[in-house]
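Per-chain residue numbering starts at 1, and chain names A, B and C are given in the order in which the chains are listed.
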Amino acid sequence: MTEAISLSDLTKRFGEQTALDRVSLRIPTGTVVGLLGPNGAGKTTLINCLTTLLRPDGGTIRVLGHDPVTDPSQVRANIAVTGQFAALDEQISPRENLVFFGRLLGLGRGEAQQRAGEMLERFELGEAAYTPVGYLSGGMRRRLDLAVSLVVPRPVLVLDEPTTGLDPRSRKLLWDMVRAEARRGVAVLLTTQYLEEADQLADRIVVIDKGRVLADGSSDELKRDVGGIMCRLTMTSGADAEEVRRALGDLPGVTTEGDKAAVPMSRPEDVAAVLGRLAGTGLRIADIEVTKPTLDEVFFALTEPMEKEATR
Amino acid sequence: MTVQSPGPVAPTVPPSSSPDPISLTGASVVIAGRVIRQFVRNRMMLIVTIAFPLLQLFMLLAAFSVLVRDTQDVDYVRRLAPLIVLTTAFSSILTTAIALWSDIRSGVFNRLRAMPLDMRAYVFGRIGGDFVRIMGVAVLVTLVAHAVGFRFSRGPLMVLGFFGVVALFGMMCSALAVAVALVAQHPGIIVRYVQMPTLVLTLMSSGYVPLEAFPQWIRPVVSVNPVSLAAEALAGLSHQGALTVPVLGTVAWTLGVTAVCTVVATRRFAMLVKRG
Amino acid sequence: MTTTSDVAAVTGAPAPPGRPAGWQHDFHVLFDRLRVRSFSRGGLVATVVQPLLFFAIFYCTFAGMLDARGIDFGRFVTPTVLVQALMFVAIGSATELAADRSSGVFSRILTSPVDMRAMSLAHLAVVALQGLLSSVALVLAGHLAGFRFDNGVLAAMGFVVFAVAFTVALSLATATIALRLRNLEALSAVLHLPYLPLLVLSTGFVEADLFPGWLQPFVEASPVSGVIDALRALSTAELSWGATLPGLAWLVGLVAFFSWTTTVAFRKVAIR
């Protein structure tokens, strides 16, 4: 597999603030990489650097071997981008938008018309083909935005929070589309706030926060790294939240909420220690479950400590 | 969502229904306060609303006072100052309508509706806040105009009457703004349907240029223009000129426009409430 | 799924089809979009209907007074109303540019392999087209009020070319502002504020000697006065180098200066 996107030590500062701090990332052709991180983590900055909209302060970027800084036009010829907000001409119809951007990307007039028709059908926009974009619903706009990005197939697809505000049906449509593109050999980089989306879609997940890469691996790898096993406990009803916290709160990585607690551990035998802790208290266990952590838990385990550090 | 160790401390006061709902006047004052605060905080708005009328006053005076004096035998500042006061009221239609529109669309309006609040307070507060703003700018412009030769020469009662007419005109503008904001589908429409008509009304009035300078055939239209009537009334109250017809005309316009706008606004409001 | 490339492209990445076809192609596509917009109803209202309305209003308010001073309104004020219309064209084009930026269309174009010169040229070409539309509309309206071309066909063409060039110069200035300011509200205020002083404090409506003494030098030196005087010279007054040169000098200076500022601002936006 060849490298479609590679970033090494990418750094970007805005005045005092460091938005990206030596970020390295590799995306081979035909893979989907999910970029995961809380608001303000630097996801959009990374994408803007990659797509020639922002000049990085340090490090190197290669998109199919081209450098966005020295050779932006070669990069632009190879990427399709969907930003966080629908980038469409509101005054004209979906069809006209598709034809306009198609022609800008080098299609002939007839060819652009034909592609526009195909994309309208594929993204279920046929009914609204002739309505000015300003009158479309949020979901339709979002779908059209994606259609415009794909009107001319590109070997690299960059999606910045593509499913924000989409209904489940549209989201499914988008997911199927991303998978299909990846199967054809397209390298996809998508940012998302939905952990489920990354879990479902991405071959690899990169977690960033405060401009730094915190983890990089498949969903399973990340879950294993954070704490191989998660022991979930539910106390009998009436258990005091304070008491649960007192009994288990000082275990590494533990989270408690009301009468529930989740304890990460590396070996199943560690459950004994937890049970030992509870033996001396008045707490009774109603339910115990030993599983792999969810991606949510991975995310919190990775990002929370830093979040606290930076509390203003 | 899980929380690490000590969770948020539970509030000690049990929730209850709030003591007494705020009175209509109280609520109106709170909302008017918000309107004024929004205006004062927005530096751009402050500059535009205050600097623009003053700039207009000086510029037009510099450019046209000789021409108007030579051809019409009128001291231009006595005509121009009242007109500039009226244009500031006019320009508030646009800003008020857009602010109101974004309140309705952004959900502020619905939040207020979901509160134990008389919704008339919202309209009163909005109009009240604008009123304070319009009168403030009017006083300021009059003071500055005083420096370049504008005078009140008919006693303190007439000065009160002067600002009374400004207030009437301002009320008409607020009523229009509320109606326009409730009817418009998007802010572009507000700009389109407010900016040009108000500009045309201002230019085609006996404010900038005396009635006699207009071609004969268009004079009847110019003289019933609300801006002409209000400008004539202000000129009469400050210095000299007819009073009865312009003042009564301004009152008639204000009552008529406010009545129509109230009907339109009430209808649209009921529709908005029904739609949720 | 996609049609043509689907079968062939199962292995490996799809080759980028539709390679950029040169700046002429890009220019054509970008120009088409803006041209369609300027011929829409809203566009024509701004470039044709609004100037005509202003012409009528100024006729009603000024013709009588100017006549009393022995000045012919049609000949004297038509260039002024034209300059005002061209100012509005420039303001409008900057507003559209800002709207494209805030909607993201601008970024989308920037991330496509589109020739950057084509972007600027298309913008300016549409501005020129709108300036031409306004000029033709106002020359025709002026004709009804006594406006004439007294100096022959060549001077008449010069008049139109001069007007169009002035539109381009102004739109370079407004484009610089639109590329620098993000906030749409602030942009609208900044664009609209200078237009009235520039227009009123010029020789557009009254001669310079009617202004207060201390203002007269400014009025005489104003670029708007220069341009209006040049337009008058090209149409009705005596055509001489003395009357056209100040306007021409301003025009060349403005185009040169604002081309530079626009280029700098555009570079900053395109690659930050």
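In this text, contacts are C-beta pairs under 8 Å (C-beta built on N, C-alpha and C of every residue); 3 or more make two chains touch, one makes a residue touch a chain.
The chain lineup, named per UniProt: A = ATP-binding cassette domain-containing protein; B, C = Transport permease protein.
Just so you know, these numbers come straight off a predicted model, no measurement behind them.
Enquirer: From the centre of chain C, which chain's CA centre is farthest?
Expert: Ranked by distance of C-alpha centres from chain C, the top chain is A.
Enquirer: Specify the chain with the shortest distance from its C-alpha centroid to the centroid of every protein C-alpha atom present.
Expert: The chain sitting closest to the overall C-alpha centre is C.
Enquirer: Where the centres are mean C-alpha positions, what is the separation of chain A from chain C, in Å?
Expert: 44
Enquirer: Would you kindly tell me how far, in whole Å, the mean C-alpha position of chain C lies from that of chain B?
Expert: 32
Enquirer: Averaged over CA atoms, how far is the centre of chain A from the centre of chain B? Could you give it in whole Å?
Expert: 49
Enquirer: Scan chain A for residues touching two or more other chains and write them down.
Expert: Answer for chain A, listing residues that touch two or more other chains: there are none.
Enquirer: Indicate the residues of chain B shared as contacts by at least two other chains.
Expert: none
Enquirer: If I count partner chains per residue in chain C, which residues reach a count of at least 2?
Expert: In chain C, nothing touches at least two other chains.
Enquirer: Mind listing the chain B positions that touch chain C in their complex?
Expert: Per the touch definition, chain B meets chain C at residues 44, 47-48, 52, 55-56, 59-60, 62-64, 66-68, 70-72, 196, 200, 203-204, 208-209, 212-215, 218, 222.
Enquirer: Over in the complex, which chain C residues touch chain A? Could you list them?
Expert: These residues of chain C touch chain A: 1-3, 5-6, 9-21, 25-26, 29-30, 32-33, 36-37, 40, 100, 103-105, 107-114, 271-272.
Enquirer: Which residues of chain C touch chain B in their complex?
Expert: Listed in rising order, the residues of chain C that touch chain B are 50, 53, 57, 60-65, 68-69, 185-186, 189, 193, 196-197, 200-201, 205-206, 210-212, 215.
Enquirer: Sort out for me which residues of chain A touch chain C in the complex.
Expert: Chain A residues touching chain C: 4, 29-30, 51-55, 64, 72-74, 76-79, 81, 83, 85-92, 100-107, 111, 118, 122, 148, 152-156, 180, 183-187.
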